[in-house]
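You will see subunit A twice below: alongside subunit B first, and alongside subunit C after that.
Moving on to the complex of A and B:
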């Protein structure tokens, strides 16, 4: 047997006290798609970054075609025939397709040759693209096409893909896997597919390595693997596939689960249900760069129901969340919360009307990492926000009531089971799951009428995901109108009573959980319905 | 009163000297703006161009004093600008210090140093001779402004297309644009982000130093502490006004330069407007323009954000 295209032996990498990779062995064979499966934070990405030269390992060796090599930066990796399709940070939006594709090469700039090269690659792999298009004008699926072309332009022997489907519709994902199959079968390349989604690893790979907490816990041939076994290996304990579905991206069999589970009593909206507490009508907004963010979005959420907003990332989810966080003014349309019409974009208006938000980016807008847990819990005490006199508390005082706030914080820590050394511990010392509990606790403690949860489980482990999901269900059961905005389709399917699909800044379709049709959902998400209608 | 004013405006607009002086002032800004444009495309708001310009002016004075040659003076001026740029670049893109704090400090430092050295060394200077481009200078009204000027002014004419070519037609320029927009993407594409940013700031230093030298040897003729007097900042405003395009930035220089010359020529044609008040005109214009355009244009996405590898 010939030596593997790439062989990693005993790779160890620590970041401070955290061991991201612990003595990991991995061999990538030519002509094979190798799935590297694991939860967020299992060390998959770090391992791949070692291979591409973005991270230097503390210990271990890399052999390329049997020869030991040191890879210190992506340029060295490229010379050894290793290419990576990055999911984030790798395309420069204002530049054109061809400019992006040749970025980082060392030869003289030759636009005509670059355009030709893009044309050749796109023809060879069936990845149609216009080389003169600007990246900022492209959809997520097309952007990834550019990523792949950029990776393949040097004809690498080893291709690494890091979570390639997180911004793709199901249809686009399938196309991607077809291209990968082509690359492997026709050109005998070695492909590493890093993913946390069971179903795609099962569908697209030949061999699977499963990682957990920085170590390899299992290796299988894909033919011998099954979903429950993989899920167990990934999580480290038996899990019900239904609840793991949200975390691990397993859709298969979910339809049965949905059909079997009756909506819990009082949880499903009646046809003649209560009037909506949150009602957005024809919302239109544009960004600073005049790009359309919301294009006539209308949406109702009734008390006690969870409405899931499904869609591919970048179709207005962030704008919708910003609108309900009072961050985005509207050019047209209205927002009504109960009987009030808070002015969109006016700081604090939505919170004062009773809208609580768990923002998508915990660290950027969900909490202040350098402040204590107690301070974060009481950062905005919602009753005060509702008085409309932002600098006074509910008793009309402008000076912080330290003992009162501390007692309040300790109650919440207890109530939400937040694992922290104490109320005065800095926020950054908490795990991601516990930080999210702090955010949830703060937002729910003000008895909101509406709870907006944007990507509430992103980057959390299975236990934390279960907790957050449970809290959202409880909030709905208590009569809160819950709006779940998530690009993880499985999460929406798992939690929502009613699913709406967002595409290019508007709601293009809606279905009740009872008559769920995953295929139609996928079509709606890709905008196919829109195209067919117009 | 208003009628008088408009008569005076009419006089100014029909006078060749207005165009000549407007063009001269615009060119001084243009030298700075052409380099600052490149620096900003790479992600630095390089406020030390003000200091680089002043350093360039003083060094040019010293160089001329020592050699008696305008060309040598300009060369030394450009070198002094490069020195200021190099300090700025090292601090903001090697040590990743806050670029504004570094720039501010440099501006104050250069002002103090130049003022001190000038009072003790007192360089003897003069202005470069006027070179009239045969034929072209005959063009009515604009000819003398564009082609009948002290020769260092003409250095800007090839510099502008050169800068354009550098940024839009070379690999270096492509990388500069990438680095200013998305340094992480540039990094994973194996581009040395901070090296490109430093190089762009060097260029801003050189052209600003040259601008300072031109100001001294092509325009004013002797060194004084206030010789630059905020023109570096106005050049930065011109880049912003121009929406980070070279054409726009040059247009901005022309606009701000004209406003400046207007204030100089109104009293000259005998209009008794308060000249202190008028001297604020370019700044007022800058603020108005910024208020109007600040939200319209698309700035480089990581402008003024330091890049540290490994951090998002």
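Moving on to the complex of A and C:
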């Protein structure tokens, strides 16, 4: 057997007290797609960053084609024939496809040659794209094509893809895997596919390495692997696929589970159901750059139900969440919460009306990192709507009740199991999962009528995901109207009683969980309007 | 490589108050030691004696007879300016216009003092009020531009300094406004009438150290600001706005209302500092002159920076800055070249400014690492 295209031996990398990679071995063979599976935080990305030169390992060696190498930055990696498609796109939106592809090249600019090259690559791999299209006009799927073309234009021998499907529809994901198969079979390249989704690793790879807490826990040939076994290895304990489905991305398991669990989830939105507590009608909004964010979005959520907003990232999810966080004023349309009509965009209006929000970016609008845990647990105390006195809180006090706040905080820390050195510890000293618990605790402690959860489990580990999901279900059981906005389809399928699909700032389709049809959902998400009519 | 540094911060999730305090102290001591060594080297290289320079600085600021009083007199406006700056900075805004706000406050005070034609505590109070109004209005212009027209307050406050100096300069050329109407000297010197003795701030004399009683007002203000920031709803909201504007907005903190409040308050403090300088007697002999603020506004900004936006810490810091100022008057007697003494002075200021900058960068990096999510 020839030496592997890339071989990592004993890679160890520490960040402070955290061991991201602990003596990890990995070999990427030519002509193979190698799946690297693990939860968020298992060390997959760090390992790949070592290979691409973005992270210098504390210990360990890298061999490329049998020769030991030091890779100190991505440029060196590129010279050795290693290319990576990152999870987050790094494209310049106002520029065209071909301009983005040659960006960073140091040779003389030759537009015609660059266009030709993009054409060649897209032809060779079946990545159809117009080189003169502007990036800002492209969908997420097409943007990723540009990233892949960027990576392939140097004809790398080793291609790394980091969570490539997180912004793709199921259909787009399948196309991507076809391209990868082509790359491997026709050109004998080595491909590393980093993912936390079981189904795609099972479907697309030849060999799987499973990581947990920085170490390799198992290696399998894909042919010998099955979903429950992989899930167990990944999480470190047996998991029911039904409850872990959201975390692990195993859609088939969910579909089976739906039918079984339907009776207990029970009452979908019958025509005779209770009146909605949250009603958005024909909401229209544009961003500061005049781009349309919401384009006639209408939505109802009834008490006690979880409505999941599915959709590919960038179709108005952020705007919807901002709208319900009083951060986005509307150009048209209304928002009604119970009997009130909070003025969109007015500071604190939504919170005062009873809308709790767990935002997608908790650091931006969910918590204040430089304040203490106790302070973060009491942030929302909107002043009385009508008096509007700047000096008083909702109870009409001018002086902070610091003792009361502390007691309140300690109660919530206990109740929500927040791991913190104390109520006075700064928020930044908490882990992501615990920060999320703080946000959740604060929002739920205000007795909300509506709970908006946007990407509530992004970046959390499995334990935290289970916890958050459980809390959302409990809130719904207590009669809160829950709006779950997520780009992880599995999460929506796992939690929602009713699913609506958002596309280009409007709701284009809706289905009960009882009539779940993943294929139709995928079509709706990709904007195929005809499907909505059926 | 930055990735590694950020990572090290991310792993360091423990929070240790004692170690934190030791680190801060260590950074300050190192910085001051380095500055002293460099200053000594500079003096040696130019043939001066660093011991005599240090001795002169101390004589001028605290050791000489009555020098405590002089230094306190300078520290008062520095402290007030710093307090305003702190309120503003805690709300996440950058006010660079202290010098101008102070000047306008002093001018308003002068106008009231010279036009009212009476004296007594009531009039004195009116002068102070006019100073507050002047500073508040000047900062208010920046606030309106910021929240009505989205113009960054960093630029507007700074540029308004130059407008202020031109505007007050105009007032000082006009007999109906600020210019001293006494016939013979008026047209040559751009100065105002002197404040009547009964509109001046009472001065105390403690152990031969003479200073205006506003020293206690300034101290009281520092305590007040500390209490408001720590214990009141409005203080909490201001700081929420400063540290997480989007979160604050969602929680009902109107940026325009609270941010505007902070800017105007900052200006009001500067205006009050101007009025105190005018009626206090340590600056300009009770009359307004061109270039009246003599950098007190800028230095007050530095005081807030060095005090890392803590109102109570800014009390000793203001005193130290005042001491550097009053002490430098005695440096001429050491025979060291004036330019060199300025270098020494600047080195000491720099030594106080470097640690806050280091700490700021460190905290920022830590916050960024936390934000970038742990690995």
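To be clear about the criterion, the second predicted complex is superposed on the first by the 508 of 534 C-alpha atoms of A that agree within 3 Å, B and C clash if a C-alpha of one lies under 4 Å from a C-alpha of the other, contacts with A are read in each partner's own complex, and residues count from 1 in each chain.
Keep this in mind: a contact is a pair of C-beta atoms (placed from the backbone, for glycine too) under 8 Å apart; a residue touches a chain by one contact, two chains touch by 3 or more.
As the structure is a computational prediction, the values presented were derived from the model and not from experiment.
> Considering only the touch criterion stated at the top, classify A:379 as touching first (subunit B), second (subunit C), both, or neither.
A:379 contacts subunit C only, not subunit B.
> A:92 in the overlay: touching subunit B, subunit C, both, or neither? Say first, second, both or neither.
Only subunit B is touched by A:92; subunit C is not.
> Which partner, subunit B or subunit C, is in contact with more residues of subunit A?
C
> On the A-aligned overlay, A:18 touches which partner chain: subunit B = first, subunit C = second, or both, or neither?
Touch partner of A:18: subunit C, not subunit B.
> Tell me which partner A:54 touches in the superposition: subunit B (first), subunit C (second), both or neither.
In the superposition, A:54 contacts both subunit B and subunit C.
> Classify the contacts of A:109 with the two partner chains as first (subunit B alone), second (subunit C alone), both, or neither.
first
> In the superposed arrangement, what residues of subunit A touch both subunit B and subunit C?
After superposing on chain A, subunit A residues 54 contact both subunit B and subunit C.
> Give the list of subunit B residues in touch with subunit A in this complex.
On the subunit B side, the touching residues are 169-171, 173-175, 177-178, 181-182, 184-186, 188-191, 295, 298, 301, 312.
> In the complex formed with subunit B, which residues of subunit A make contact?
Going by the criterion above, the answer is residues 54, 73-75, 78, 84, 86, 88-95, 99, 102-109, 150, 288-289.
> Spell out the residues on subunit A that touch subunit C in their complex, using ranges where they run on.
Where subunit A meets subunit C, its residues are 14-18, 20, 41, 43, 45-46, 54-56, 325-327, 347-352, 357, 363-371, 375, 379-383, 390-393, 397-400, 402, 421, 425-426, 428-432, 459.
> In the complex, go through subunit C and note every residue touching subunit A.
1, 3-4, 7-15, 230-237, 239-240, 243-244, 246-255, 257-258, 261, 363, 366-367, 370-371, 373-375
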